[in-house]
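Structure incoming, see below.
Residue numbering begins at 1 within each chain, and the chains themselves are lettered A, B, C, D and E in the order written.
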Amino acid sequence: MGRVVDCAIYEGGQRLRSLDINDADQMRVQPGRVIWIGLYEPSQEELAKLQAYFGLHELAVEDAYRAHQRPKLELYGETMFVVMKTAQMDGTHVAMGETSFFIGRGYVITVRHGPSVSYADVRSRCENSPENFKKGEDFILYALMDFIVDRYFPIVESIEDDIERLEEAVLDGRSTLDVLEEIVILRRDLLHMRHAVAPLPEICQRLMRYDMALIDRNTHPYFRDVFDHSTILLDRIENLRELIKTVVDTKMLMSAMKQNEVMRQLAAWAAMLAVPTAVAGIYGMNFDNMPELKWEYGYFGVIAFIVVICGLLFWRFKRSGWL
Amino acid sequence: MGRVVDCAIYEGGQRLRSLDINDADQMRVQPGRVIWIGLYEPSQEELAKLQAYFGLHELAVEDAYRAHQRPKLELYGETMFVVMKTAQMDGTHVAMGETSFFIGRGYVITVRHGPSVSYADVRSRCENSPENFKKGEDFILYALMDFIVDRYFPIVESIEDDIERLEEAVLDGRSTLDVLEEIVILRRDLLHMRHAVAPLPEICQRLMRYDMALIDRNTHPYFRDVFDHSTILLDRIENLRELIKTVVDTKMLMSAMKQNEVMRQLAAWAAMLAVPTAVAGIYGMNFDNMPELKWEYGYFGVIAFIVVICGLLFWRFKRSGWL
Amino acid sequence: MGRVVDCAIYEGGQRLRSLDINDADQMRVQPGRVIWIGLYEPSQEELAKLQAYFGLHELAVEDAYRAHQRPKLELYGETMFVVMKTAQMDGTHVAMGETSFFIGRGYVITVRHGPSVSYADVRSRCENSPENFKKGEDFILYALMDFIVDRYFPIVESIEDDIERLEEAVLDGRSTLDVLEEIVILRRDLLHMRHAVAPLPEICQRLMRYDMALIDRNTHPYFRDVFDHSTILLDRIENLRELIKTVVDTKMLMSAMKQNEVMRQLAAWAAMLAVPTAVAGIYGMNFDNMPELKWEYGYFGVIAFIVVICGLLFWRFKRSGWL
Amino acid sequence: MGRVVDCAIYEGGQRLRSLDINDADQMRVQPGRVIWIGLYEPSQEELAKLQAYFGLHELAVEDAYRAHQRPKLELYGETMFVVMKTAQMDGTHVAMGETSFFIGRGYVITVRHGPSVSYADVRSRCENSPENFKKGEDFILYALMDFIVDRYFPIVESIEDDIERLEEAVLDGRSTLDVLEEIVILRRDLLHMRHAVAPLPEICQRLMRYDMALIDRNTHPYFRDVFDHSTILLDRIENLRELIKTVVDTKMLMSAMKQNEVMRQLAAWAAMLAVPTAVAGIYGMNFDNMPELKWEYGYFGVIAFIVVICGLLFWRFKRSGWL
Amino acid sequence: MGRVVDCAIYEGGQRLRSLDINDADQMRVQPGRVIWIGLYEPSQEELAKLQAYFGLHELAVEDAYRAHQRPKLELYGETMFVVMKTAQMDGTHVAMGETSFFIGRGYVITVRHGPSVSYADVRSRCENSPENFKKGEDFILYALMDFIVDRYFPIVESIEDDIERLEEAVLDGRSTLDVLEEIVILRRDLLHMRHAVAPLPEICQRLMRYDMALIDRNTHPYFRDVFDHSTILLDRIENLRELIKTVVDTKMLMSAMKQNEVMRQLAAWAAMLAVPTAVAGIYGMNFDNMPELKWEYGYFGVIAFIVVICGLLFWRFKRSGWL
């Protein structure tokens, strides 16, 4: 199922031509030019070829093949190996993918896994700002990271909306059992998002700190921008995790208060129905000598008595807020 | 909707004259003078002009245009870019705005977004203490930060009052379902306030540490003052977050205890009504041979029996605190 | 309401004479002598005078006037400015005051705010150990800090006693609704105590680290002693915060278990009363053909049946612990 | 019960021959060769021999004999002493074992305790990649650590499956009391796994940092690989700990909501049954003068009345979601 | 109540003779010899003498006299002052004592407070391994610390057993109200144990780091051993704290689930008893015209009807797990 999505060579911000990944000649690194290869779930053979062309490290290639890494930045000699998680909405929940980048002098390789969109947009953005593109491989790395991080924002916003909606549902008492399921899913999504975002600030800082030939000093503000965005995301995610705890607490309190309320209503109505039952029970006894039974208006008196008692109870319960 | 709120040039603590932001000539930085520009949600064009006049960094300008940053301090060469959150009460909840500052040699630019008051008060405060104002751009930065931080205090105090009120309501058992809504809103407000305040101590420390030409050593105590105030605020906010958790815990415990109480009352009254029902049921049976029914005072005896039993039950429940 | 509590000059550990704070001549710092001024909620004018005499920093004076600081240590040139919280029991809750110290070469100024005892005891302790007092202003600082910290201990112990009492009350099931109020008050008191104590270890360490002329190396063990005491206090306060959480958890569990118990009793008694009601109801029906009603001992048989069933139920409920 | 599982000498990646642990001559370290000894719960005598042959430190030998250590890396001169926990599924719960390694110039000793599989697989893996094996003792250490860490993954995955299954069971409301037992067991297993994994990242980092003769620079990427794997594991374990808390919270909320639901149903049915009881009770009274009793269709009217009332109640309860 | 438990002088690992603490001559430090004094709750006078003999610092002596310190290591010149908590089982709860050590060139003083065993065992252990004892005062310090830490293990194990027992009791539903009391006591014990153990790792590390004449490089592995043991203890204590929280959570969930169960049973039985009551009530009415009453087998039909309805209800409740 391996697929070479796009493979091209660029010079001075211009796309020169597409390349064939199988042609070792075309895969030669040339000074001033960048080979940019985009792969989607490549086979081991394809990766082995690239490993041979560009001298990638065996362990990094294995990571790129197997995926299931956490976001990280690793240096193998001059080559940078970066892993990031990609996120996109899949119906109502968040689907996570993974992308690995190999960035070296003269080449950039992206390896996508799982649900993720192609980086064609990044390519055109780079081609449309040739003055930036010229800066080299580091700008491509920035453009890719920025693209991935930017796509986190609508997801976090959608989760924010969901939580706000849940909060209102809970406060309105409209919430039913599937609120619970939503809470569980949102918590899971937030955990995934946090794992995707949490390592990024440190990765950005390392990119700015390391004085490698590959990262130019002039691109530092760009990585600081990614750093800022991922810090904001992380803040918002932590916020949401706290808000969802508030929702759970509120739901719990709500349940407890509702239950008290129901209990009181139950008690009040039980009392109001038990009175006629008890009174009627007494006058249903079969004693020979029960003077009231002979009274002309005994029956009506008892009915009136019951009505008055129940009325009094109703009024008292109403006043003390039980009904 | 962009608006230039005020734009003037100052020398030695004195306001010289207002300037026109569109006149590139007037916008020239002059030694010993400070241009102070106040903007409210400016258009991209207005910011682009200022970017050209003062050589602001593209990414900082974008941050100032888009807002939705977290409080931060960034250095682009000699220019400082500071973002702060502003807070004000909007009816019963807290509305957050955002202000960005550009501070450079000879100019100060403030860009306000969302709900926020104008900085006219800061200008007049500065003009009224010319000896301090003379110190330069760093004093203006201090005056702005101090102004924003000072306006956090009444908000935190209002939240403190709300929580104290809630606490009393909960302890008095007067609390109803809308206590929950208040708790949710207060928690949200505290989260926002914390996000506004939390980064400030570190920003102040960096302002005191960095030996930039812009921050004079003599203004360090002033920034330490802002540092102190934001630390106090943070402490109080953390306090309030803990207190609100106490309120939730207390409400939960209260609910559980109330429920036990209601349950016991319910049980007690049910028992007291079930006794006449059961006894009367028995003497309501239609057996031919039920000697008690023939007794002269059987009926009165049964009534007396019921009254005695219910009285005994009432007395026992009362004694053991169920009623 | 400002008040000069005591103002005197000391030499070699001996009190020479009282001074008049309004006499600028007497307020002159003299080598080998220490002026010790004690103020209680002074007016701005009084503080302004001292500011002039001793060259105190404007911001420190404002802090000392306004109070509402958190405990801190600040250096303005050679002058140390220390803020501490004082605590004392006010009936059943803890009342917090605040004291600021200015310590400089040749003078010590204490400014008390809110509920607090005078430092006359510290003065006499210092006068009674002249060999220590001779060491200078740093020993006075130690004596003051030690005095304040020592007064925290009985308060923490009283809270410990209260929590232990609460714990027992909860475990005995004797607890009523006002246990909740006590828990809320104790939590608040612990928060206040923690805020008073938490910054002290770091302040002590800074006093030992800073090599200022004012703190002599030989007084370091004394500040380490204050450091130890405040660390112990902090530990105990954290302990108490955890214990009070245990109390809340226990109360919650207790409530849940009690409720189960009450529910079961309620269910058991309801069952035992429902049986005669149901049986009697059946024999209260008015069918023409109900053979049992004609039986000589039908009535007694039914009564016996009811007694047996209720007895069996009672025995079963007893055995399974529901009653 | 001590057992020498395997003892052999290797040269250049080739197994030369098996050795006898009792023959001191064979146990001599030879340059370019590695003696690899595998023990299972050895006796004190066996360890004492090895201690004498290789000059192991008394305290390390005692640790290896007694087990019950936490994972750690210690250096005694040139000898590395590493302790790791091994994990394997034992029916439905996780059984933890312990392995200690002594790695020195020319020898590797593994001491297994408790449930654990033999390292025969590691030996054959090493023998099958002689080019790596040649690198020396450090590669054996890597192979052993990698083997142990790799075996954690299926266990964590099995726990993940269990938690997902629990989560679904809870959300479906299918959960019974033994869900609780499963939660307790899974929490315990996660605690054990965390204790096994948590110290590994730091151990790996120390292996890469320490410049000991034993760890070659070229094997650093291998240990970074183990570092990565253990970090991923730790992340997943923390994740699972959080998920299981979510399950508990959800179960709690579920219980509270279910209880409200049951309460309401109970209340609704109680009301619907209490109405005929009360009405019938009234017409069961024995008053002489009860006109309705004489009516031709009184009885049918009452029945109809009861049916209508109950129908109305049923409809209202249905509409408001109580039934 | 002060008591000199044992006082002797040692040379080269041999006990030479017992000494009299009141004889200043015997209390002279001699090169190559160690005076080892064991005290139990000494009087202020006894400590004052030792202070004079060995030049102990006033504040350390006061700490040793008053006790109630947290575990710590302090240096006064060349003298080390170490405080540790001792623990032993007192029936079902843990009793904490305190021991202070003064270790200086040529002398070791131990001061025990509260429940604690004598250090006679440590003396004989030291005398029995003279080759280690010869190393000097540092080995005595190690032996004492090791002795105290070793005695923590059975206590932690006993708490582990108690928690496991509690866990089973809770899962079996056998738990009654005194489970709560046990949980409270165990939590308290764990807090005490944590406070005793938590500072030890850092103390051991400082003992290994500090290059004081008193701690020989060769005894470092011994202190690392104590470090390891206290780290293991701390891990286990944290584990237990988490497990006890699990127990509380489980008990809470259990209570909630049990309550639901009881509620459902209550509801089911109430329904099954309310049916005959309601039906019988109807046929107990005294209407003149109730055709069923005349039917030959009306009574039996009603009984059959009741039995069938109750049987259906029983079967439905059984099937849906309510009974």
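Quick note on the criterion: a contact is a pair of C-beta atoms (placed from the backbone, for glycine too) under 8 Å apart; a residue touches a chain by one contact, two chains touch by 3 or more.
All of these numbers come straight from a predicted model, not from anything done at the bench.
> Count how many hops through touching chains it takes, at the least, to reach chain D starting from chain A.
1
> Mind listing the chains that sit against chain B and also against chain D?
A
> Report the inter-centroid distance (CA atoms only) between chain D and chain E in whole Å.
Spacing between the chain centres: roughly 25 Å.
> I'd like to verify one number: the distance from the centre of chain A to the centre of chain E, where each centre is the average of its C-alpha atoms, in whole angstrom.
Each chain reduced to its C-alpha mean, chain A and chain E end up 41 Å apart.
> What residues in chain E touch two or more of the other chains?
252, 256, 259, 263, 266, 270, 274, 277, 281, 284-286, 290
> Given the touch rule defined above, the chains close into a ring; going from chain D first to chain E, what order do they follow?
D, E, C, B, A
> For chain D, which residues are in contact with chain A within the complex?
167, 171, 173, 221-222, 224-225, 228, 231-232, 235, 239, 242-243, 246, 249-250, 252-254, 256-257, 259-260, 263-264, 266-267, 270-271, 274-275, 277-278, 281-282, 284-290
> Quick one: which bits of chain E touch chain C in the complex? Just the residue numbers, please.
Against chain C, chain E makes touches at 57, 59, 63, 68-70, 72, 74, 76, 177, 180-181, 183-184, 187-188, 191, 195, 248, 251-252, 255-256, 258-259, 262-263, 265-266, 269-270, 273-274, 276-277, 280-281, 283-286, 290, 292-299, 302-303, 306.
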